[in-house]
Amino acid sequence: MPAQHDIASAENIARRRHGQNVLSQIDGHQGEAVVDSLADISPALGHHVAAFAFGDIYDRPGLDPRSRQLVTLGALTALGGCEPQLRVHIGAALNVGISRDEIVEALLHAAVYAGFPRALNATFTARDVFSDRDSAD
Amino acid sequence: MPAQHDIASAENIARRRHGQNVLSQIDGHQGEAVVDSLADISPALGHHVAAFAFGDIYDRPGLDPRSRQLVTLGALTALGGCEPQLRVHIGAALNVGISRDEIVEALLHAAVYAGFPRALNATFTARDVFSDRDSAD
Amino acid sequence: MPAQHDIASAENIARRRHGQNVLSQIDGHQGEAVVDSLADISPALGHHVAAFAFGDIYDRPGLDPRSRQLVTLGALTALGGCEPQLRVHIGAALNVGISRDEIVEALLHAAVYAGFPRALNATFTARDVFSDRDSAD
Amino acid sequence: MPAQHDIASAENIARRRHGQNVLSQIDGHQGEAVVDSLADISPALGHHVAAFAFGDIYDRPGLDPRSRQLVTLGALTALGGCEPQLRVHIGAALNVGISRDEIVEALLHAAVYAGFPRALNATFTARDVFSDRDSAD
Amino acid sequence: MPAQHDIASAENIARRRHGQNVLSQIDGHQGEAVVDSLADISPALGHHVAAFAFGDIYDRPGLDPRSRQLVTLGALTALGGCEPQLRVHIGAALNVGISRDEIVEALLHAAVYAGFPRALNATFTARDVFSDRDSAD
Amino acid sequence: MPAQHDIASAENIARRRHGQNVLSQIDGHQGEAVVDSLADISPALGHHVAAFAFGDIYDRPGLDPRSRQLVTLGALTALGGCEPQLRVHIGAALNVGISRDEIVEALLHAAVYAGFPRALNATFTARDVFSDRDSAD
């Protein structure tokens, strides 16, 4: 019987695939790109982003995707220095139906708790994401 | 004409009162207690919690109270060391209609981004708030 | 009567203009550039940077601009990941009469509390600001 | 077939039990107490502390327990506000064979990167853990 | 010749004593209490708080004590979870001639950069320090 | 007798040289580059990186270099926004005998405590360092 930590076991391949399906429904390619981009350096980190973060947690029924993305925007803005992850999750927020105006409002709201510098950095990241979407149209 | 920074001006008294009304609709007494508790040490901080945080920002129409509280829970969990503010905002989350199960789920979701220690501290704070509510019934 | 949160009301236009005047006295163009740069993506965030951060808080008489900038340098260094805001505020520190040597000393002092990596990042940002000033002469 | 997120599935019960076994080998009762203490408020968080943090990650063969605890001490000291988790992991560090002197030295080392206040708080937490051990003898 | 790291060498005893003198001039007993309180658990951390933080850095001529304490208040407020160190440094701020009103104003100013929760926690700590001083009179 | 803070004193030149020797043994040129790169902007910060961080702390006998680097990786990953310092210390970790696989595993381990975004940023930094080493061969 393979060890639980063995990411090449049938069970873990199934868990990872399920997480990738959850991720695909939210964020077509950019999120999956994060997982792929880890294949050479840390396949286990890529596995757990998919299997744990999306398969185990994001997919839980207790909170709708819109609510999850609002929590995520608050957390990533407050953490700071997470601009690459904010890009992914601002995109995911759009994908689950949060409007551009609501995203910008959420980042303004976060200024009260995390301070203006964090909110400014997050807002400039949002502009980049929106701009990329406009260019892709 | 009084200076903009003069918190005793008629304009600022009106702004503060409006913010306190917004706050009262969300969080009856506990939130207002924060403002009152600043009267002796920093009335200006109390003013801006009411006038700015609630009157200017929270009251904006671009995001519903439920969404604002989800962003706040994400931010406060990620910041860490904000247990007193988490108590106020877990209470406010309940008041705007977020269920206990959804709050607990939001804090589990935050573990992915802010790590397990932050999520554990926030979850234990949620238990205290729920327990206080049960005792008050 | 317009809502308090309406940033297009006469009251809020006056509050924003006052904040922009405060900002102009400290930091000629770079600070105002931050406000302008938000016009397309989050005019409300730009409004509150001017009206709240500068008009309400910075302009208060209880602390001189030199002291405010020292608090700001300590806070931004400790937060980390706020290099764009550090650029603005190292420039503002120079503008209110804090010397280059004092700024560099303040960032060394912050190393004791925020650790060497944060102090190093802030010091390299200071070098960029000083270098830009030299080039502009 | 039960959903991956269903913590009552046979697969997840097995994953959780495995994680609890890993945890028991490191930290007899205090670590398990964290899991038990979540049973009423967030059984899913308790599940993932056991199944993910210990069963999936801690148990991986790529890094020995001593090394894992050193990384953990560095991370928890730098995060700040994680004194309850530091208590658990300073105890776990002792259990995997890191001496008291080495733990204290690790926290002094962290002062260089995270600043003296974080190192002081972590060191006072270490004293509490050592003192509890002495009392228990 | 003793190693540089040997805190019992004559050179390091002199460095530590000098740092303790610097500290005594700022903060009579409370700061020294921090050093003494480390004697049993981490004498090396106590040594470096005195010899490095106060003897090497605080004593440098490039910035006056008032300015150093303002940077420190900004950094400690932004870090969060450093209430014990804030107590010491709010006391030190009073000792170097920063008034109660200026301290409270500095913490309000920090709210712009570090968010309201951090400013609230720091302000409540200031109230405790002021109250202790009043009781001691 | 020169002041303790005088970094041009014979004593401080000796302390700095000793720290630079410690640093050279760990990290040939990249670490020393950090010190040199501060010569124009903050020689005192460069002095204390060498004399304090490496001469006073890193050189202490109570913890082996491997253990110190593991604490450092945990701390820098958790702090966030310290990618330049992570580059130096991932290189130093390789130099003291921590394998690439162990470094990547340490960063995955840190995800449990500091969250996935911090671990992702650190892992991408590790890839850059490894890639630079491969190019240099």
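By letter and in written order, the chains are A, B, C, D, E and F; residue numbering begins at 1 in each of them.
Note that a contact is a pair of C-beta atoms (placed from the backbone, for glycine too) under 8 Å apart; a residue touches a chain by one contact, two chains touch by 3 or more.
All values derive from a computational prediction rather than experimental measurement.
**Q** Considering only chains that satisfy the touch condition with chain A, which of them also satisfy it with chain D?
**A** Common neighbours, chain A/chain D: B, C, E, F.
**Q** Enter the minimum step count from chain C to chain F; a value of 1 means the two chains touch.
**A** 1
**Q** Working from the CA atoms, figure out how many degrees chain A turns to land on chain E, in steps of 5.
**A** 180
**Q** Count the residue numbers both chain B and chain C use at their shared interface, divide by all numbers used there, and answer same if that is over half, different if under half.
**A** The interface is built from the same residue numbers on each side, given that over half of them are used by both copies.
**Q** Between chain E and chain F, tell me the centre distance in angstrom, where each centre is the average of that chain's C-alpha atoms.
**A** Once rounded, the distance between the two centres reads 26 Å.
**Q** Would you mind pulling out the distance in Å between where the CA atoms of chain B average out and where those of chain D do?
**A** Centre-to-centre distance between chain B and chain D: 31 Å.
**Q** Among the residues of chain E, which ones contact at least 2 other chains?
**A** Residues 44, 48, 52-53, 57, 60, 75-76, 78-82, 85, 104-105, 108, 111-118 of chain E touch two or more partner chains.
**Q** Across the complex, what residues on chain F touch chain A?
**A** Residues of chain F touching chain A: 80-81, 104-105, 107-108, 111, 115-121, 123-124, 126-127, 130.
**Q** Which residues, counting only chain F, touch chain E once they are in their complex?
**A** Listed in rising order, the residues are 3-5, 11, 15, 18-19, 44, 48, 52, 55-57, 59-61.
**Q** Any idea which chain A residues touch chain B in the complex?
**A** 52-53, 57-58, 60, 62-63, 66-68, 70-79, 82, 85, 101-102, 104-106, 108-114
**Q** So in the complex, the part of chain F that touches chain B is made up of which residues?
**A** 78, 111-118
**Q** Which chain E residues qualify as touching chain D in the complex?
**A** Residue list for chain E touching chain D: 34, 37-38, 40-42, 44-45, 48-49, 53, 75-76, 79-82, 84-85.
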